[in-house]
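Each structure below appears as structure tokens.
Look for chain A in each of the two complexes below; its partner is chain B in the first and chain C in the second.
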Partner chain A sequence: MRTNNKSTLSKITESRNFGLVLGLIVLLIVAAIITPSMYSLNSILNMLQNNAVYGLLAIGEMMVIITAGIDISIGATLSLTGVICCRLMAENPGVPGIVWLVLSLVIGALCGAFNGLLVGYFKMVPMIATLGTMYIFRGFSFLFSGGEWWFPHQFTEGYMAFATKKILGIPSILWILIIVFVLAILFLGYTSKGRRIYAIGTNQESAQVAGIKQPRVVFLAMTLCGMLAGLSGMLYTANYATCSYMIGDAYEMTAIAICILGGVSIVGGKGKVDGVIIGFLMMSVITYFISLLPGLSVWSDAIQGAIIIAAVALNKFTERSAEKRALKERSALI
Partner chain B sequence: MSEYILELKDVVKTFGGVTALNGVHFQLKQGEIHALMGENGAGKSTFIKVITGVHQPDSGLMLLEGEKITLRSTEDSAKLGIAAIYQHVTAFPDLSVTENIFMGQEIKNKLGIYNWKLMTKRAKELIEPLSKNIDVSKPMSTLSVAQQQLVEIAKALSRDARILIMDEPTASLSRRECEELYQIAERLRDEGVSIIFITHKFEDMYRLATRVTVFRDSQYIGCWDVDKISNQKLIGEMVGRELTQMYPPKHAKIGDVVMKVNNISKEGYFKDVSFDVRKGEILALTGLVGAGRTEVCQNIFGIMTPDSGSIELEGKEVKIKSPIDALKLGIGLLPEDRQTQGLINELPIYQNVTSADMSKFIKAGKLDESAEEAKAIELCQKIQLKAKDISAPPSSLSGGNQQKVVFAKLLNCDLKVLILDEPTKGIDVGAKYSIYEIMNELTANGYAIIMVSSEMPEVLGMADRIVVMRNGRVAGQFDTEGTTQEMILEASLKQEDGRESES
Partner chain C sequence: MSGEKNTNVPVRDLSVKQGFKLSKFLVSWEMVLIYILLLINVVLMVSRTNLYFSPGTIQAIIQSGMDVCPLVLGMILILMLGDIDVSVASTMIFASMATGLCCQAGMSAFVGVIVGIAAGALCGLFNGYFVAYVEMPAVIVTIATSMLFRGIVKIILDVNVLKQFPSFYTTVAWTNIAGIPLSLILFLVMGAVFVFLLQKSRFGRKLYIIGNNATCAQYSGIDVRKTKLIVFVLMGVMCGVASIFFVGRMGGSVSSTMGTGYEMTAIAICVLGGVSTNGGKGKVYGPIIATLIMAFLTYTLGLLEVDANTRKIVTGFILIIAVLIPNVNRQLIANLKLKFVYKGNKNVEALNIKTAAEVKALKATIDETKKDSAMNDADKSAKIKKCEDKIAALQKKCKEQTEIWLREQKEDERKAKERFAAK
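Now for the complex of A and B:
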């Protein structure tokens, strides 16, 4: 959709993504000057491969945040799914890998659906409901793992292939990430189910008047979010060929951070897949870049935090100037 | 076929014990613009909601082209070609204009994938005849109120609406925008759409409507041809009633000016507002809803700060930057919504009473609970609170008694000026009387009261002086003595000459 009275160029510079892309480019240039070793195709693919689960989690989290909710249980869902898949895989090495992939989607969807039931139908506050399920899922993960660890020699080729096998030179986990991005763009942009997610997030009252069934939409968004978290659990373990119940700790926070960086409004209604993709790339570059700098890696968390605050401050600033403009327009009427 | 496209006969609608519509009639001719007028609370909003199927009437007939219809939901009315554009636009602010227009009737292929290209094209086709300046890909929130209304009209047209209800569409539009809207309404009428135009402005009515129906106090008063009824007569019909309620006698002595407001302005809300209030006096601040009354009070109380102008308290200029400043200076506010702004339902009644100023109960850094309770009991007696148990939450009380708790809370802070925003809103007649008594008692004790009220009888019955606001400005000041309801209504409705939007 292009405007008729504005040039494409001015449209691009006005968009929030423009700032993000600009930031990303600056970051890449700085990184290139300081640590030229970062720029080999291999290291870039490596970086993306190891961060891919954050991208998956962020897409799911984004859908929940757009409904004006939040899901802080996805790290625990990742852990639970990873543990179940790994244990069953280790016990049944003959089973083809695809089974575990499908299983991870099912377990994740069940976890998400449970969240959706609590938030959508029982009207619990999302933060509290998913705080509870976070402990529940993590607890089950511990029980199911029996405190055990799984190591590379226990992993089957077919299992690991979903993350590490290279197709056209690119690891499968990245192909999966790309497919999820494309599906998310289609779903959120071009289907009525997807658009309803935005509608209930932007104005609940209007959504009611328009006859949108809010519980159902929240349920759907949270189920999809859980499904992606489940998928992440399987792919994470396949990628590193290790697993314990402790995996995925605080990953929900990284996912939320990526959403915020990518311009998803925490109060709901606003957010785009392309923004989240850029946020994901930024986050990946930042962590990777910092890890390459000797002495700076201890600052990694602090720097990530500072960048999030800066991004939100930028948002607030643009919002406030828009508000001021609106008041001025109204003043002309008095 | 009937002469009327829509006809309502003897429609009654009650909410609990409150009658919102009491046997109203309405007749809308095919292709006419019909004005519906009446004071705040006359029943117009409920009336629209009945026509659009949001509310179901308790009794009465609704006829569409002579045939009886029953509407169970907004979907039903939409199917029959009835659409409403509400005063507070009910849109999705973050979604694009296109999406707002097609919400619920999106164009998609068999797989359920949206055809944005076609929707955008259709949206443009719908919007373009209404306005050339609306970019359909922009989010709704970036549009002006006038543009948002046009989008709502486009939405109604996309659903082939035959009956269009417009609820005070010109309330927040500039002159030029009004004129554009008039032209659109006329064009739609010429195309055969029948329009119910709800308005407070006589200008709208004279410019557009051929007939006008008046509601008052939930009742149908009459329907006239616009060119056969005078302005004076119409105001008379809208006000209509005598002062039926009783007001307690006043015994306050009015003294010196306590507070003086000089030319305060707040961008987007009001401009150059000045008035003063004296010791022992009740000053009423009235006007239509949305005229800026509440905002003026919020600026005096420090919830917002005015951009310019000054406030004097007992002859000295004061700076009020927050409600705490205001309370320290002796200015208290009784908010319009006592449920959300006046009371804390999690706390017992007596703690609500003392909550605004607990400093006096603190001895050596510790809260003296018995002193707190004693003071609360004293205050509750003073205002004759009817409560079984003051350690129960305020939600256990009736509306009138809840309001008394908020009054007691104000009395606990040593104040000079009380701002009461709609003090009797949602309170039944009997309880109103005791609120009025409290107000008179307060003025007799030397308080100055600024009362915001939309109820004309209350304004005339209680106030010593009246300030009428209209569209963010003071439209007139009256001494209550010798002032009639008609004079106030005229001041609050009158269109100022030469009011023109700068943009």
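Now for the complex of A and C:
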């Protein structure tokens, strides 16, 4: 049994998010000292706007990782959706933008459902299945694009409005991101389907004994992940108003990195949306910071890799120390 | 070991002796791979006859696929543990860079190669430490280190290209000895070493145990952590060796963006070769044949004017199908039948299976009676008639019972729904 007589303050300081927030604040201070230009509302909004896609991908990826799986095809899904939407949009400029939003959701959901079918119903190892589908989606993305590029003059106003139009001074892509965050919190925390995702990840066998159908839950999680990847594909192209089949390369890695930074356990069952939000903020600050400093851009890969390793190692060590503390408490009770 | 000390104690013979069965051998996965290889060859031969028989084509095809071969061999061991390593391409580039920098500094070729392999081993050690001793999941560690190692190469090289490499690099990749590519010979030699290592040595058998059940391996006295670390270091060494093949193949130059996607090819080849990604299953022969298949496939598709990205789609589908094929077995068919024919009712399934078995037995009796020469025709036909009647009765009974049970099931479902609706 867990003892509940701790003070609220110690609870806060012991939680993982506290460390993350502390890290974020330190990072912001360092960034402020080195590049003071970072602190204007405009540049902060800009930073968030350009990184919003990672937030969407990370939320989807989180659901899959919680089921003890992994999806490395989301970058390819993003590319496929972006290409299809851009191509059709350039050919039919008269169609209202909302159609492309819905279309992107549908395409993404189909890609995710294919993954879910392979992983959930055919019991393939998630890594291998999504590795295969990554190849497939990328290939199809190239086939649909025909190697073409799309440039800003081909983009319709209604299409770009979903990412760049400002509502109450905030770009709409951020509003969409906020809505997705809220929906994810509600879905994962307060619906039975969301709780089932956690149950499958924590202990598959006991979840099955409790009457949860593992294939169905995995299918659902992967479909949602694909859907968000599709949405981010459309929003990415709308935000930058350029598109080619090469977009979204290695984005899955960044999404996974955000999840791990946010305390999502890669073996499944653990992870919260608020952690992912903090992880997302941290990653955006880091990438923005790197892009501001001249000559640092070649370092970005190495820095990202080092951050992931450090984050997971930190996760491991905090878990171990928590286990040790729990053991001590238990032995003290005896 | 204690068993070796007192050898006069009679030991129970635990070895399982399996006779060689031709029918089983012909449908084994390795043979299936050989059939696929032959099929691709035939397709190539028919579609591009002139090219196929012109000298040097086959050698060129084989050489084109050999630059991943050391990665494949190392990856077999990693997958055997149930882990995965997606940093191999970055490690390979890292090792190439180390060699290139040494050669640029004017050191001898021998030192350069040693430094390259040592750099690979160091990367492997880094991965292995985090996977084995910090107990981080291999996927995450290697995803991160793939960024890290390539990032370091990017920092050091920026946009420069290293061009000074030992001259034997290109020799390895491009020459033939008596019509056989040197790279293939080296690959087969390395393959033989790995066959010995994995299938005959004590170390290799440990890997199978760890792959099947790590906890069990721990309790039976295997140092799982140390073994994992060794395997990852070995993978790093193989990456160093791969850098020789790779740089030679690229004509003796290296830049930081080269070789992306090699890790995926290596994993795909291993999976195609029948190595289970869950660990504990697979042999070395399969991936060796699969390496050749991949080389021939890429080349053939290229010759058939399929562009690089469609080839990607084909590779993806092959990967998925190769993993799915072992899943298609009797159990799956039985499960599907249970779900769709018997509507998930296990009683109905059992009844149907039982009836089918009885009917089969009766039919066998009929056949026997037909062949039986001791009876006269009248008796025969009477007996056959009897059996046929029995079959019809059984089938009718089974059908009726099935209908009753299914109706009951439907009724139950309806009642359950009503109960929920009432609440």
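The rule is simple: the second predicted complex is superposed on the first by the 317 of 334 C-alpha atoms of A that agree within 3 Å, B and C clash if a C-alpha of one lies under 4 Å from a C-alpha of the other, contacts with A are read in each partner's own complex, and residues count from 1 in each chain.
Everything below uses one rule, namely that contacts are C-beta pairs under 8 Å (C-beta built on N, C-alpha and C of every residue); 3 or more make two chains touch, one makes a residue touch a chain.
Everything numeric in this text was worked out from a predicted model, so none of it was measured.
Colleague: With the two structures laid over each other on chain A, which partner does A:T35 touch: chain B (first), chain C (second), both, or neither?
Modeller: Neither partner.
Colleague: After superposition on the shared chain, which partner residues are touched by A:A129: those of chain B (first), chain C (second), both, or neither?
Modeller: second
Colleague: Applying the touch criterion given at the start, work out whether A:Q204 contacts chain B, chain C, both or neither, answering first, second, both or neither.
Modeller: neither
Colleague: Now for A:Q214: first (chain B), second (chain C), both, or neither, which partner does it touch?
Modeller: neither
Colleague: I'd like to know which partner A:T242 touches here: chain B for first, chain C for second, both or neither.
Modeller: neither
Colleague: State whether A:T164 touches chain B only (first), chain C only (second), both chains, or neither.
Modeller: Neither partner.
Colleague: Tell me the contact category for A:Y190 with respect to chain B and chain C: first, second, both or neither.
Modeller: First partner only.
Colleague: Can you name the residues of chain B that touch chain A in the complex?
Modeller: Touching chain A from chain B are residues 73-75, 90-96, 98-99, 103-104, 106, 108, 112-114, 116, 120, 135-138, 142, 144, 172-174, 267-271, 292, 471-473, 501-503.
Colleague: Given the complex with chain A, which residues does chain C contribute to the contact?
Modeller: Listed in rising order, the residues of chain C that touch chain A are 84, 130, 134-137, 139-141, 143-152, 154-155, 158, 264, 267-268, 271, 277-278, 307, 309-317, 319-320, 323-324, 327.
Colleague: Which residues of chain A touch chain C once you look at their complex with the stated criterion?
Modeller: Interface residues on chain A, with respect to chain C: 70, 118, 122-125, 127-129, 131-136, 138-140, 142-143, 245, 253, 256-257, 260, 266-267, 298-306, 308-309, 312-313, 316.
Colleague: Show me the residue ranges of chain A that touch chain B in the complex, using the header's touch definition.
Modeller: 1-6, 186, 189-193, 195, 198-199, 201-203, 205-207, 209-211, 265, 269-270, 322, 326-334
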